[in-house]
Every structure is written in C-alpha cells, then in structure tokens.
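One chain, chain A, appears in both complexes that follow, with chain B as partner in the first and chain C in the second.
Coming up: the complex of A and B.
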C-alpha cells in the first residue's frame, strides 16, 4: 500500500464541492450587480438569514442523528407568539424563560416520541407541525400579537440592538454556531450523534444510549427554535400566527445544501452555516437582479437541487451512477 | 490449459484511491473450467481487483478481456450481461425484498405491459434454491435470514445466468461446514460446465481442496501464480506475507482463577433453553454448534441486548441484571459481534472514532474528547493488529473487509474487558493476522481475563479453547475439556442424535420467542 504523494486536487474538489459552488455563485452575482458585495448588503443578508440559521443549527443535530424535524417552522411561530403575549403579562425578564421552557417541553415531547417510542420522525414532526400551529392559534385566539408599549421595553435588544457595531442577530447566530459547532465536533455527545445516525444498531452494540441521544437532539433543536423565536419577536415586536410557516423546508434545504446527508451520520455545523449563507445570498441575489417574487421560488429550489446533485456527483466521481 | 484462451484476463491494472495505491500493474487470467484462487493479506487488493472486473471501479490504467475480446466494464449490470457474476464479500442484498426479488434483481421475468411474472419468478427461484438445499424459500424476506443464509442468497445469484466467469469473494466467511459442502458442489458444477471461477478466501484448507491455481497479491502488486497441486501452505504463505508462520498449538495454559461468569438455567423462548455454564478467570471457553444453535443469542443476552425469560447471570459470584450494553460495559464485558457491518461498525465514521466509540465518555479532558488519548489507543491497536489504512481519518467503509474486522477487534480489546466474548472473531482475516489475534486472545487469558469464543471454524475453537461447549438447537449437549475433545466427537455432539442437517437447523432466531428489545 504505497502512500500517494500526488496532491489530492480532485479530493479537495469532491469534499468542498458546495463551498466552491458558493464562491462561483458569489463571483457571478458580484459581476452582474456591484451592489451584491457591498458591505451593507452582505451584512444585511447575514442578518436576515440569522433566524433561519439559528434554527438550522439545531436541525443539523437532528439530521445527523438520522431523523427529520419538520416542526421547527410552526414551533418558531409558537415561540414568537408566546413570548410576545407573555411580555405584556409577565414582563420580558419572565416571559423569555417561560417561553423557552414551553418550547423545550414541545421538543421533549417530540424527542420522547421519536427517541424512546421509536416512531418515525417524518410522521411525528409533520403531525407536530399542524398540532403546534393549532396550539399557537389557541393561545392567541387567532389574533396577531403585539407588544403594547414598544418603546418602553428592552425587549427589542435581541432583534434590533447591536454590540460594538455588530447587530445582535448576527452575534447570536455566530455565537450559537460556535458553541454548537464545538459541541458537535469535540464532545462525546457530538460523537454519539454521528454514531447513532450513521448506524444505530452498531451504536447500541457500543453502549451508546440511542434513545437518549435522539431525545437530546430534539431538545437542542427546540432550544434553537426558541432562540429564533426570541430574535423574531424582538425584531418585529409583534407577529402573525404564521410567522414561521414554511421555514421548515428552507431550514432543511440549508442543512442539506451544507452537505449533511438525510440518511444521517454526516454533516457539520460549519457546513450548515455555509448552506444558510448560500440560501440567503441566492435569494438576495435574485432580488437584486430583479426577479419577481414568485419566480424566485422556482429559481431558488432549482439551484438547491442542482447544487445537491453536483455535490453527490463530485463525491461519486461521475454525474450519473448506476450503483448506489 | 495453456493452449486454451482465458475466459477472462486482466492486464496491467492500476487503481488508486486517495492515499492508497490499491492495485499496481496487476495482471491475472482465468481459464474456462478453472478454479483460480486469489490470495493475499487483508488490504492486498483482491476485492478491488475483482471490483474493477465487475464494473464497480474504473481502473486508472489497464485492460480487461473476456474471451480475449477487450471490454470496458462500466457497471455491474453490464458486467453481468457480459457473463461476469460477482458474489460480494460484503453482503449487498435488499433486506425488505424477498429472496426471489433479490436473486433476480434487475432482470425480473416479465409478462405483457412489463408486469412482473411472479409465478415464474418464484418457480425459477425455488428451482435454484432446491439445488442449494437451503431451509427457506423464494418468498422469504431477506431481512429475516441469518447471515449464512443471506450468503446463500448471494450465491444463488450465480446460478441465474449462464456465466462465463463467477467471482466468489470470501463466500465461506460466514458459512458453516454443511453449507460449504453445498457451495463446493455448486463450484464443481460450474467448473464442469467450463465456467472460469475466481475464488478469494483466507482459508487454506478450502484453497487446497477446490482450486487449480493460486495467484498471490501483496501490497497491490502481483506476486506470482502457483499450481495448487505443486505447492503447499508454507510456500503460499511465504509469497503472501514474506515469511513463514508458526502455527503450533503450544499456548501456555493460564493459572485458572475464580469463576468470572456463571450462567444458570438461562432460557429465551425457542431460541435457547436451560443454559448453564461458567467461565473462570484465565480460561477460554469455546462455543461450537451449527448456525442457529443459539450461541450468538446467548452472547447477546449476556451483553444486555436480549432479555431472557428465565435464569440468572452471576459475575464474580454476584447475581447481576444486565439490561443494556451500557450495563454490560460497566461490568467489564466486551462483545465482538458477528456482523461487523451491521453491528460492529459505523461505516461512515473514521477508523479512530469507531475504535474508541464505547469509551468515548472516558476519553475526555475537561468536557472535550481528547484526541491524543484516542490516537494513542488507535495507534496501539493499529500496530498490534497490523491494520492497513492510510491513516486514522480514513472512513472505515473504505477499508478492506479484514481490516474492518480488525477495527472491531481493536475496539473491544481496548476496553480491557474482564470478560471478552468474541463471535466469529477472525471472519475475513488473513492467516498472519489470524495467528496474531489468536495469540492476543490467549494472552488475555493468561493475564487473567475470561474469554468466550464463538466460532463456526472448528480449528479455531480447537486451537483456542480450554473447554468446548457443544450446542444443538438451543441446548447445550455436551462439554469437552481440551484433552478429550476431538473433531469427530464435536461433530457428533453438535449435529444432535438424529443428525439434523444444517438447512433444518437454521432458524431465523429473532422471530422465535424472546426477541431483541434493542
């Protein structure tokens, strides 16, 4: 087994396919429209991607663990409505932890069903998508929720404030990404998530508590959703019941775009962040180019599917494969 | 044979993977009606060479000839159309499909409008299965079959077409003797029909029993071809590993200590009944029996993967309840499971992380996994077990079969278990490493560990064990000491008084009675 000294250009290409596609895409748009790479535009994109990004961080754990979470969009609506409602009733200092507790309860419930009862995560979270939506409407009575005294509270800090000139949403996204990135890459728990998603049976045979690991990934996901809900509520100080509607698919797209496998066992937080940014920049770029809103949906999803295909093709070394 | 044209021929094949030159200018030919063994250490490139031939890998350089006609193999389907059938080392069946669908996958018999002709499908499959003398039928779902029977399904695929050449990549690794006899009949039959056969195996007895010529690979390079009738094990081993092996049976018996584990009256539905035995420190106890005799299931029970209906387990004299592998590991038990791909490894994970998985909680400095601690374990067992990999980062799924098995062994040895249970520990492992692993197991015993060896290879059991427990259809039928055990007495014991064939004894154990809760 002679060691190869030839530098693995092809290998790098295969591993970083999405990243390279991202760079090409950015350069292309930058040439088409100068404003695209203006600092304020770049900041703007990251800022508006932050909420989606925070949710994607949690879903990354769930997906690597071999499951899906389609409930995050409607759960985010729930968190947003709840924290806005409680803000006026309890004050922000109590409303925030109360909202986190309730959202985590939902996550624990899903985690229990999928982890301990071993129910199919697609079915469970799809069901929860609707159920939580119903819960939200019940809570709000179907009405929009608004903070009465918008100027008399510090609650707006998480969505509108900034520290040393950097907007809070960006800081929170970056901070959470850093922490969760380390948790996933460097702790025993992170390792177990990969093992459970890669081969659950082998994980069990290795003494990994599979149910508990899956349960915990859903708790983490709920925590991220709660954070996203806080950011959303704080930014707008008021909200409809459907604020997170459809975000579950965008979140999933970002995670997959980053290169996590839906089969579980692969992906990283860093890649998810790239996926989130790609998605944000695609949408921003199309907007700047001047495409109509509904055409954007078509183009965005075409690009996502193309990117995923190219990524897989690069890994396989051919565009089309008769095997696996 | 020299005046014939080869059924297939490979010329100057080069294949590289990142960090590995798996094949370096290899040429190889198989004559019609010839059984040609391909031998070499784990990672020598045997499977890769055959995957090039079977259209799974494209060679970087080199050419393939079928009946001296240059051919480019672009896919397994095309290879099969050219008459090359490939029985894989790692099982590649669809669990959810029936036996018949798996055997005829991609070429199901059709009626008008493309509808599947199920009647014909099942009839043709049962026809083939009849020749193989197996205990399941065309409609059985593959996922319900034992590994041995899944292997038989793979083998059945060779009989669906009229092939020019059939490649068997370690077909006997998980077969018992009775099934091997059937396989060898199949091979003899193919041979008589003028089919060229490539036979990969690490088992010398088989090689010398059924092959005509032996070609040897080493580190991806062709090392020569020998006529089987004119050579011996020693010469082949020399060619493979560059030295001779001392396989003498001179292990020192350890001082036997206290009873480490005692099992009393353990029962588990129809899977096994009324099992009682004990293992002392320093002792290696072998469990021998046919597939389905219940040995693996007993191991799974001790390891907390299965709840028994009755009976008790005592460790160091105290009754314990082992409800999960976590409990088992806490009690110092290690299990090397029989199915490395399904139970032993996370194939998509790297070598190091796989090896340290059971103890990852203990490998931390502060809250983070300590890479240094992990690497020291990995490096230790990489050297000790001679694991061939370009580095710890390599994905385990990219290792050769034998090297994957070594990762599993390293994983459980590194736990320093008080009780080590190994289930078919040397499946797919080359002769040199096998001797090494046997020595390691004996060493562990000498150091005062208790060891249970489950193996379908009689020489392995005879070589390793101080005591042999013979099982038949879920019951212990006899215990032998190393002094009194002989091959004949063991065969008699495990085949039961009435002499049941393997086909009948095969049980899809998971279905019967107490099931695996995890």
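Coming up: the complex of A and C.
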C-alpha cells in the first residue's frame, strides 16, 4: 500500500494535484501544437466555456452548502426560452429583468423545499429538472424560439459584443467569478455556507441559520443560471427548448473536478474556475490534435475519477479504499 | 406486515388506482377518441411501453437499497444496443443465419455486465462515492458510444428478431414478459438469498454490516454488474424491435429510472425499498403519460406533473416518517 503523508512532495502533489495536472496538460498540448496557446485560441476556449462556467459558480455555493443542484440545465433552457420570447413582446430592456425575476422565483421555490422543508436536494432538484422542462415546453408550445429582427436590437451585446477587445462572455464570467469568489471567501455569508456544509448540526447549534443559508445558495445558483441563459440567448438569438439539457451533470463534473466535496464544506470558486477551464481546454486540445469531440468524454471520465481518488487518498493516507 | 409498511408499500398501488379512476372518468368527458382508457389493448400496450425504463429501474432499486446510485445506465443502454445491432452484421455472425440472434444478445448483455463491473470495481477499490464514479462513467461510456460509430445511427433490421419482439404470448407482449420475468427473479434475489439480505444490511448501516462480518465490496460489485446487465437487457428488448440506435439514445434514462424507484418508496440513503413497489412506480409514471395524452392534455405537461408529484411524494414520505417516530416516542 502506498503511504501518502500530508507534508512532503506527495502531499503537495495530492492537494494541488488538479492545478499541477492542469499545468502539465497545458504544456504538453502546447508542445504538440503551437496554436493551442495562441491568444485567440485561449480566448476562444474561455469564451465557449463561459456559459458552463457561470452556471458552475452558482452550483459551487450549493455543493459547498452540502446539497446538489440537478435542475440548472433545464432552468437554463427555461431562462433562454423566456428571455427570447419576452424580447419580442416587451423589448429587451424589460425582458431581461422579467426573466431574471422568473428564474429567481424557481430558485426560491427549490431553496424553500430544500432549506426550510429540509427535503432531499437530489430528489427535489431531479423533480424540478423534469418540472421546469415541462414549464419551458408549455411556455413555448414545444416550438423553437427566435428573435424576429436580429439586426435591429442591442440584445446580442451580452453574447457577441466585446469591451476593449475582450468578449463580453469572458468579462461576465470573470466579473461574476471575482465577485462570488470574494463573497465566498471573505464575507460572513461565505463562512456560513462552509459551516452549514461542513457540519450542519454544529452550525445550527452555533446559531447559523441553516435554512436561510441553504435558501440563499439556491437563489445564487438561480441568479447564475439566469445570467448563463442571457448569455446563451444573446449569443444565438434563437433557441431550442432543450438547449441546457444534460448541462447539469457537466456543471457538476466541473465543480467536482475543482475539488469540491459532494458531502459539502469544501471547495472554492477559484478551483471551480480551474475545473471549468480544464474541461474547456481538454475539449479544445483534443480537437486541435485532430480527435473527434467525443473523445473528450472518455478523457473527462478518467480525469474526474483520478482527481477525486487522489484527493480522498491523500486525506485517508492510503491509496486503496479500506472497503473489504 | 405492520401498519406503517402497509401504508408505505400500498401507497403506490393506491395511487395507480386513483390514476385509473381519474383518467377513466375524465376521459369520458374530455377524450377525443371513443376508446375507453381502461381498454384491454391499451393496458397491454402500456405494460409493453413501461418495459425499457422499468427493467433499468429494477436494477436501480437494488443499487439504491445498497446505498449507491448509478447515473451511467443510459449510456450503458446505448452501448449495449449498438453492440446488439452491429454484431449481427459481422461476417462470421451472418454465416450463422438466425443463430446469430442469441449470440448477439449474449454480446450485448456481456457489454452491459462488463461496464457495470468497471463501475463496481472502481467504487469498491478506490472508495470514491458511487455518485461521482457513475457521473464520470455517464460521460465516459457516452464517449465510447460515439467512438463506436461516430455520430451516425447504427441500424440493422432482422425480421426474425422483429417478429419475436412483436409476438404476444398469453396476451402479453415479449417486452412485458421480460419486465415481469426480471422483476420476479430480482424479487427472489432480494428477499430469498443471502446476497439480498446483505444488500439491505449494508444500505441500512454499513458499519454494523462490516462489524457483522459482511464483505461490503463484493456486494457492491455484484449489484453494479446486475444493473449493467439489466440496462443491456432493456436495450436488447427495445432494439430487437426498433432496429436502429442513435448515439444520443438513452440520455436521461437514469433520471427517469430514479424517479420511478423513488415513487416506489425506495430510500435514497439505502437499506429500504422493494422491487414490487418499483414496478408500481414504473407503471404509475407510464399511466400518467398515457392518461394525460388520453384526456387531451399537452404531452409537455407530463414532465411538469411528474416532477411535482415526485416532490410531493418526498414531502408526504417525510411527514409519514416523522409521525411514525413521534408515535414511537410516546
């Protein structure tokens, strides 16, 4: 059995493993193909990861609080469809806040069920995945949603525009990551999220309002989803009802890859961003060396399991599990 | 059987009766067709359509009783289906004539079992939570599906196979027989064998099970192999008839299966659940789908209704448990 100590080279390797793997991966691909680290390629990758990334930021709060959110994919479809539909009915200036309000309402509902009624988050959000999908289909009548006059609106700014040469999706992802990173690491609320996820009972006895904290994490998650929906809608100016389908699990994969424990109480925004970027750069790197997009799925599978395995192996001090 | 178990295990069947009554009565006023909802042929078709998700849900039940979960079944389903259809076009298989069919089934079932075994071994040996292992596998196995044949659909129609799949024996379709057969076998396994008893014990209290001398790992492995096998069996049943697989087939099946299992009353935390109740959960969902269509509701509302019912069931179950505990205290 391999013994892994907490200090020393092996310990550092295990604790910062994901960052080290990321660097090795980037260097390897950069040597294999110069184009990989070209500025426009790096921008392209971050830009296409931005929507997934924004959603992952919110889910990080939920996961650190000790819960799961499987509803973000279908919620993103909902906000995309709603904002596109309202755009032609109310105009963009009203459609965007209206969509945010509706999405936050869904988040509040989930937060109420999980936080105040203390229902199991996996099943609640699984149910909401299905229910919100139904809601989206009812809203759109099952049809694709398109903006009628694509050139005569400023709505495309959030997905296609850029400020000082930096594309808007990147700016929004980076800005939101910075703000939420500070909220999580530097504010009393952030500390409460860790406390609730780390040991809910102890947190309750220390006077942390568990229900309200959990409720707020779901509101934050819904806010991020609404932002992602806005970016998606603005980028494509039209959408199918299933645009976010399956993203809930990719988002979760990115969060786990960043090292957040599903049991709650650990993880950071910075690590989640690394997790998102790893997924994005793997996809891009494999495409650049001429492999099909689906090869990344197999690579992601391997990386997720290795990352989590090494993480828990370092914590328990031995490589193989003690399960008989 | 005490009062509480009766309420819990009977609940799903009462729900099914309510559904039948509601859709029959509402159908009289709202239905666009003259066919009654409880028409014999309609009910037989309902059972047949329950089979693909149903067979997977049976496997999900035993994995969840054991305290684990499997999110990779949809991808396993698709890969087994591709192996089933593609293997029949291999040159040596074509030389066998219709004897290629049982061999193709064997290959498909073997594929599912091996994929399940990979999950089981990883959960056992690394100690990584089954949720994460199978979440990764969901992506990984889907990748394998795409690598097999790119983004092209895989098709092969064998008429002997189609005839078999469309046959009816004693009124029931082939798929229904597979669903009932699998349910019977698994019910026996879970209630009459040491493996079944140990699976409950591990899910209920893993530490106590270890202290009692039960080896946890092999039971995990067996159950993951079983669910892999069942996902493949589901593919065998379904694609024998349809004869064409898209690489995206089976997506979100894991979520449907989990929904059916939870409706049937199986606990997510493990240690409690029943195969027969899961069968009830599967039928309840299918009834809802068909029923809403029957009374002319948009098919879109099905998702909405099922999602809300799932949450309501969770809430009721919690209230029921709480009351049970309070009664014990006094």
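What we mean here is this: the second predicted complex is superposed on the first by the 297 of 324 C-alpha atoms of A that agree within 3 Å, B and C clash if a C-alpha of one lies under 4 Å from a C-alpha of the other, contacts with A are read in each partner's own complex, and residues count from 1 in each chain.
We take it that a residue touches a chain if its C-beta (ideal position, glycine included) is under 8 Å from a C-beta of that chain, and two chains touch if they have at least 3 such contacts.
Nothing here was measured: the structure is a model prediction, and the numbers come from that model.
Once chain A of one complex is fitted onto chain A of the other, the partner contacts of A:201 are limited to chain B, with no touch recorded for chain C.
Of the two partner chains placed by superposition, only chain C is touched by A:142; chain B is not.
After overlaying the two complexes on the shared chain, residue contacts for A:301 are found with chain C alone; chain B is out of touch. Of the two partner chains, chain C is the only one touched by A:129; chain B is not.
Between chain B and chain C, more residues of chain A are touched by C.
Within the superposed three-chain model, A:265 lies in touch with chain B and out of touch with chain C [touch as defined at top].
After overlaying the two complexes on the shared chain, residue contacts for A:246 are found with chain C alone; chain B is out of touch.
Overlaid on A, the two complexes show chain B and chain C touching the same residues of chain A, namely 322-323.
Taken in their complex, chain C has these residues touching chain A: 71, 122, 124-129, 131-133, 135-144, 146-147, 150, 210, 215-217, 220, 251-252, 255, 258-259, 262, 268, 298, 300-311, 314-315, 318. Across the complex, chain A is touched by residues 16, 18-22, 24, 43, 56, 74-77, 219-220, 303, 305, 324-326, 328-329, 335, 337, 342-349, 353, 357-358, 360-361, 363-364, 367-369, 388, 390, 411, 518 of chain B. Note for the complex: chain A touches chain B at residues 1-4, 8, 11, 182, 186-188, 191-192, 194-195, 198-199, 201-210, 265-266, 322-323.
Contact residues on chain A toward chain C in their complex (touch as defined above): 70, 113, 117-120, 122-124, 126-135, 137-138, 141-142, 245-246, 249-250, 252-253, 256, 262, 292, 294-302, 304-305, 308-309, 312-313, 316, 320-324.
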